[in-house]
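Written out below as structure tokens is the structure these notes cover.
Chain lettering (A, B, C, D, E and F) follows the sequence in which the chains are written, and residue indices restart at 1 in each chain.
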Amino acid sequence: MRPGLILFTYLHLAADKRLSRELLRRRVTAVGYETIQLEDSSLPLLAPMSEVAGRLAIQAGSWCLQARSGGRGVLLSGASGVRPGKVVVLGGGIAGLNACRVAAGVGAEVTIMDINPSRLRYLSDLLGGRVTTVMSNRATLEEEVTNSDLVIGAVLVPGARAPRLLSAKMVARMRPGAAIVDLSIDQGGISETSAPTTHARPTFIRNRVVHYCVTNMPAMVPHTSTYALTNATLTYALEIADHGILEAGRIDAAIRQGVNTYDGHVVHPAVAEALKMKPHSVWT
Amino acid sequence: MRPGLILFTYLHLAADKRLSRELLRRRVTAVGYETIQLEDSSLPLLAPMSEVAGRLAIQAGSWCLQARSGGRGVLLSGASGVRPGKVVVLGGGIAGLNACRVAAGVGAEVTIMDINPSRLRYLSDLLGGRVTTVMSNRATLEEEVTNSDLVIGAVLVPGARAPRLLSAKMVARMRPGAAIVDLSIDQGGISETSAPTTHARPTFIRNRVVHYCVTNMPAMVPHTSTYALTNATLTYALEIADHGILEAGRIDAAIRQGVNTYDGHVVHPAVAEALKMKPHSVWT
Amino acid sequence: MRPGLILFTYLHLAADKRLSRELLRRRVTAVGYETIQLEDSSLPLLAPMSEVAGRLAIQAGSWCLQARSGGRGVLLSGASGVRPGKVVVLGGGIAGLNACRVAAGVGAEVTIMDINPSRLRYLSDLLGGRVTTVMSNRATLEEEVTNSDLVIGAVLVPGARAPRLLSAKMVARMRPGAAIVDLSIDQGGISETSAPTTHARPTFIRNRVVHYCVTNMPAMVPHTSTYALTNATLTYALEIADHGILEAGRIDAAIRQGVNTYDGHVVHPAVAEALKMKPHSVWT
Amino acid sequence: MRPGLILFTYLHLAADKRLSRELLRRRVTAVGYETIQLEDSSLPLLAPMSEVAGRLAIQAGSWCLQARSGGRGVLLSGASGVRPGKVVVLGGGIAGLNACRVAAGVGAEVTIMDINPSRLRYLSDLLGGRVTTVMSNRATLEEEVTNSDLVIGAVLVPGARAPRLLSAKMVARMRPGAAIVDLSIDQGGISETSAPTTHARPTFIRNRVVHYCVTNMPAMVPHTSTYALTNATLTYALEIADHGILEAGRIDAAIRQGVNTYDGHVVHPAVAEALKMKPHSVWT
Amino acid sequence: MRPGLILFTYLHLAADKRLSRELLRRRVTAVGYETIQLEDSSLPLLAPMSEVAGRLAIQAGSWCLQARSGGRGVLLSGASGVRPGKVVVLGGGIAGLNACRVAAGVGAEVTIMDINPSRLRYLSDLLGGRVTTVMSNRATLEEEVTNSDLVIGAVLVPGARAPRLLSAKMVARMRPGAAIVDLSIDQGGISETSAPTTHARPTFIRNRVVHYCVTNMPAMVPHTSTYALTNATLTYALEIADHGILEAGRIDAAIRQGVNTYDGHVVHPAVAEALKMKPHSVWT
Amino acid sequence: MRPGLILFTYLHLAADKRLSRELLRRRVTAVGYETIQLEDSSLPLLAPMSEVAGRLAIQAGSWCLQARSGGRGVLLSGASGVRPGKVVVLGGGIAGLNACRVAAGVGAEVTIMDINPSRLRYLSDLLGGRVTTVMSNRATLEEEVTNSDLVIGAVLVPGARAPRLLSAKMVARMRPGAAIVDLSIDQGGISETSAPTTHARPTFIRNRVVHYCVTNMPAMVPHTSTYALTNATLTYALEIADHGILEAGRIDAAIRQGVNTYDGHVVHPAVAEALKMKPHSVWT
């Protein structure tokens, strides 16, 4: 059995039936970065991009807050004698933690919110007194968001739509000229007012708040992103190249999770479900 | 000429005419810690007590905020997922800087206010992102104070009454159960609502705010305070003992500033003025 | 089957037979915060209180060391030119780690002791050079304790009496006016000289050492404690409210561990053992 | 003698003869922010803008390095496993120090260069191990600049043209897509390749390097800048308003330095020289 | 059954057949520190020595870089105005992390390399901006090593030869007078140019690079090492002493892993394999 | 007037009459690094060497504490669960501050002692909680020294013998195997037991304490030292080269202080005094 072409990249087949059918028709072995998953259910090939996006979020947010972008004209660092800007990071995962670090590093006043108490405890242990951790619920969310200069949406529910944490009404109560950088836009965004934007026209203003919702932020810094991604993918690519996909999948469960189509069959259950097909077992 | 007894301690003669007259009558050489002054106009024998008082202020303030003291029941450190308490330090001198350090150290959200831009710049350079510096004016003062859990009064205008920065009305707008620790109480206090208290009954509640206005705070920690003070006084004591007051004053201008009375004459101008006498020149 | 009233709070039934019997008689579904347990055997509804107590311990200890409390008159922060106070934290769990952080934050010289080498390694990695980690054994314990100004007892052996780490004799060899804050007092205390105290009379002096053994320390800061606790309990409360206890227990193993009594039966094995009854299985 | 209108703002009269003549003709008392000078020859009304510009420099530089701006596509923070960007700050004054702090805060690899060994020592004491200090000379400058991703020009020689530290040839040897943010552009810029730009078109590419040379950077963040500037100017404005210019100048030497024209006469020597007039003495 | 003498120490029997045979002949129960292993496959009795060796590595490396040792004459801390030395740590385990911490602490420019992306992410989270993490591959390794002053070899593949990361050719391209401290020398070393050395003659120079390859580095600091080791071994020693080896092994899986020989039989599989014997089961 | 050869280096003529006479005879213009002095009486060409020596002191001290050097076998960093070594730095000048930083950086427990309270306050402000500052007097000195593993002598009284802070008796009471690194050895050393050593034989043991008293420590790291020194000397060398010594001395008072001999005359008063000659005035 000759597996033919192996495609190893971000695929998102569940959302693209035409692509899926073509891959099946041509019997391509399609391995999706986004479905490679470790036993602790972490996603090793999404992590580096979350890291880059989280760090970029503060850079993008600073730009949004400039007067020319329609922002409040606030410098996140403040100045001696002048309060720094206030940043609220929604979501304490990899992207959120990285956004926090950079925001605290530039001297902003930073709050990170999550719904998992032990994650908040870990963040508090790690980041010490430089960042405030706040349990997220309707009341705290409203209070923090409406008092901030910059909101970073960094909520990821794997395989599901991002929760709509901000209603249009809540956004309208934010400070005029405040900004939202919505990293969750790929999963639908954390605000009712979010809508995807492009690198060419990265922002729009809604309810007097600057929105930055570029869907592929790491492309802003291809040099750094490419190294970060390749660091993570190379090991898997070498495993597949060295052993072939069948043997590689036998050795490494993460690769098995990654295979979406094989020899004309849908293998990944979620993709199968999206295509209303029955998943095929390659390794039993 | 035999100068007789030399008294070397805190004197505050301007405020105590009876003591002054007795010292003159008995021809005591009285050298006041509080008038020893260096060329840069710093007060080397007040500095250690400012340091101790500033550090103690947070300890006293934490105690005021406890429910049993009538406070808001707020822990300055907060907890993971719960905002820390907010501390505002009024005055960026030695006491204020030391209060800041401890407050930031326990994990509180700390703002320090002063009216000197270059002092604020130095504090910002020194304390980095852990403390917010805010230029003090009527507007910022009101905003910071009414949004805080703990206000530390650390304003010293040498030789003058402390400015009344807080009116009773402003205090009434503070959060119920908030606290004021007024280190400036010896110079009259920074709040209209302040009044001296004792170690036995350290606090009172006015306008729903807990006030801590103990006049000699370093006495709470005599072990530390004694060493801190002696570290600073010993050098001068030895100079005086080694050379006699006349020679010591000749060598060291700071000691000259310290001499209040000598051989039946008032020497220090400010004391002379308070007693309506003409100051006498010993070193010409 | 109608489960009637659900009681969801700290219960400690093993120590209160009368309460247990009444709950059984009235067929109350009693879910104990203290027996909700995750798979990694952590106790998510005890953790927030350990955090608050740990942070409060330094605040309480500072107060004990003041001259008026009978203490040595030592300021934990020290002063420039004067050694800071020395704090020894016994136990490197959540309470101990939080006590450490605050103690180091105020500028004290801090040692944390534990018997688990890998926990010490983690603490050392996390806290870097600001805190000294010391393996606890009879020799090191004696040396550290007798050279310290403040001992924090933060040892928790889940479901068991706290070990008596300090004998009365060892306490007698401590510096006169030193202090012990015994957070383990609910489990019997870490010192032979410990005995429970109240917020009204929080301390006593034994062997010339100030003892602070208030049994419910977080009540000192109800504002912070309530938020910290509710952050953790709310998720479980909502699960129970949304699904009913039977379904909630089916979904979430932690809730199963939490149920102490149900419909007139003892469910939790430890409670059953204390009451000499046979535990009843609800979920099989 | 009635001085008529007092103009108190940035003036830069030496560079604007027409404005100068008009002020003289109308007998305006013109006080220039930029010539108010303290005894230690610091410029208190330039300092806040240097601070803001220094902090903004990293924000602007990050933006320049993005692919869409023509930059290398490097994220200054790097990522785990990927080197951060390298920033070189030329000049260790207020602007340079603030640029350093922010650059180190975002996680970049930062070098600061100056020609004053004791300033470098102070920076090294203050910034510890997070920033590398390098003595600037032809050899080190070339090495650092050509190995960096981002060069910040922060050299100010008061009252003189900024030194041309970078030749076009040296810029050509920089990494393609690297960036220069030239804060010294108002004084002519630190690079042969620099030329003033505007907020509307902030950058140009020369020798494959992105140049950002906006002449009034603080206008990007008017909210922060206005507060920072007003904090510093207010004291002087009040002095002038309270006492009138003659008395204010008598009391405060800094204000005397600030007066450029008075009652139809040029007062400031440098302005007089630029206009080829004889300076007039108001205070003698 | 009387187990006779129990030997509990570092054994390394696989490499010493004669010792193995003697232990079998005399029916010694030999428990090897190096084979005691926890469920997460960590080696609790190797960890303390890795920690000590990692910290010592920088001390040894500093000494190698001194002119008298044949080194470049570089001070790792640098000086104000002079670049610090550059340290590359190969391997992000316990030894590597500890070497990093000390190197960053003295003020060196530090890079740590590993092939595990999530370990690099953890190191980056923990060490923040003070250390650069770089994914190790042929290209990055060559670049980092040839640009460094000091290379620390801290790679451990449990039970296997250390990988030969540095070829003689790569070493030849290093800066003349640079240094390699090879902590992996016990497993064969990370460089083709490494060869074991002794405390008496700790270094040799090959390809103009100073090599430090002492096989038992912790012996340099016996005071610290003994405490570190005993902290970890004592618990196991007491378990064995309290219960006897059979019962101790029943209770504690780590001890079972530790037993190499028992009652004349080889128990540990790896030792058995080395001796070409069949392993004997004691606990079934 | 042609000044002939200009010699610009460390001279120390007061201690070398023969050299002085030869310089006079040959009419050499001898400018001594060690007598160039700024208005604030700092010594800009000694400062870089103090910095390097201070940082080296910890490196040398670590080496002394190793078993093979006769030391206690203590690792300054300690290990997790094992106390770090204790370092006492005597003298809070440039060398002392730099020794402190490195010692704290490696994780040692560090105390710095001085007799100047405001210097101690500055050190405490700068170094925060990582270093303990202690006022030096007979009692504290004895206590700190006898409880330490490593004593760094960093006391400089410009132009005078270093004070003998440690008597042989006090050294005898130190821990056996402790170490003294005496940076003040050039001025006679801070201990009665100190005596100059060489790079070839850097240490000796007296009273069971390892002494390291190499007279020219920066020569251990010539690469770093040369850059550090040249950074500071170059400006002066260029001034002299550009203007000739007469004009350079006219412009720059520091250079005037540096000239020791000129055209056959002794110029520097201290050198003149040592040679019992009358100093000659070049600039009047």
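Annotations for the structure displayed:
Everything below uses one rule, namely that a contact is a pair of C-beta atoms (placed from the backbone, for glycine too) under 8 Å apart; a residue touches a chain by one contact, two chains touch by 3 or more.
Only a predicted model underlies this, so the values are computations on that prediction, with no experimental measurement involved.
Common neighbours of chain B and chain F, by the contact definition above: C, D. Between chain B and chain D, the least number of touching-chain steps is 1. Number of steps on the shortest path from chain A to chain C, with steps defined by chain touch: 1.
With chains reduced to the mean position of their C-alpha atoms, the one farthest from chain E is B.
Most remote from chain D, judged by the distance between CA-atom centroids, is C.
Spacing of chain D relative to chain F, judged by their CA centroids, is 38 angstrom.
Here the spacing of chain D and chain E, counted between their Cα centres, is 52 Å. Multi-chain contact residues, meaning those touching two or more other chains, occur in chain F at positions 48, 51, 78, 80-82, 101, 104-105, 107, 117, 120-121, 125-126, 128-129, 135, 227, 231. If the chains shown are joined wherever they touch, the resulting network has some other arrangement, not a path, ring, star or complete graph. Applying the touch definition to all chain combinations yields A-B, A-C, A-D, A-E, B-C, B-D, B-F, C-E, C-F, D-E, D-F, E-F. In the complex of the two chains, the chain E residues touching chain C come out as 42, 44, 47-48, 51, 94, 97, 101, 105, 126, 227, 231-232, 234-235.
Interface residues of chain E, counted against chain D in their complex, comprise 78, 80-84, 104-105, 107, 109, 117, 120-121, 123-125, 128-130, 132-135. Across the complex, chain C is touched by residues 48, 51-52, 55-56, 58-59, 62-63, 65-68, 72-82, 85, 98, 101-102, 104-107, 199, 219-225, 227-228, 231 of chain B. Across the complex, chain C is touched by residues 115, 117-118, 120-121, 125-126, 128-129, 135, 137 of chain A.
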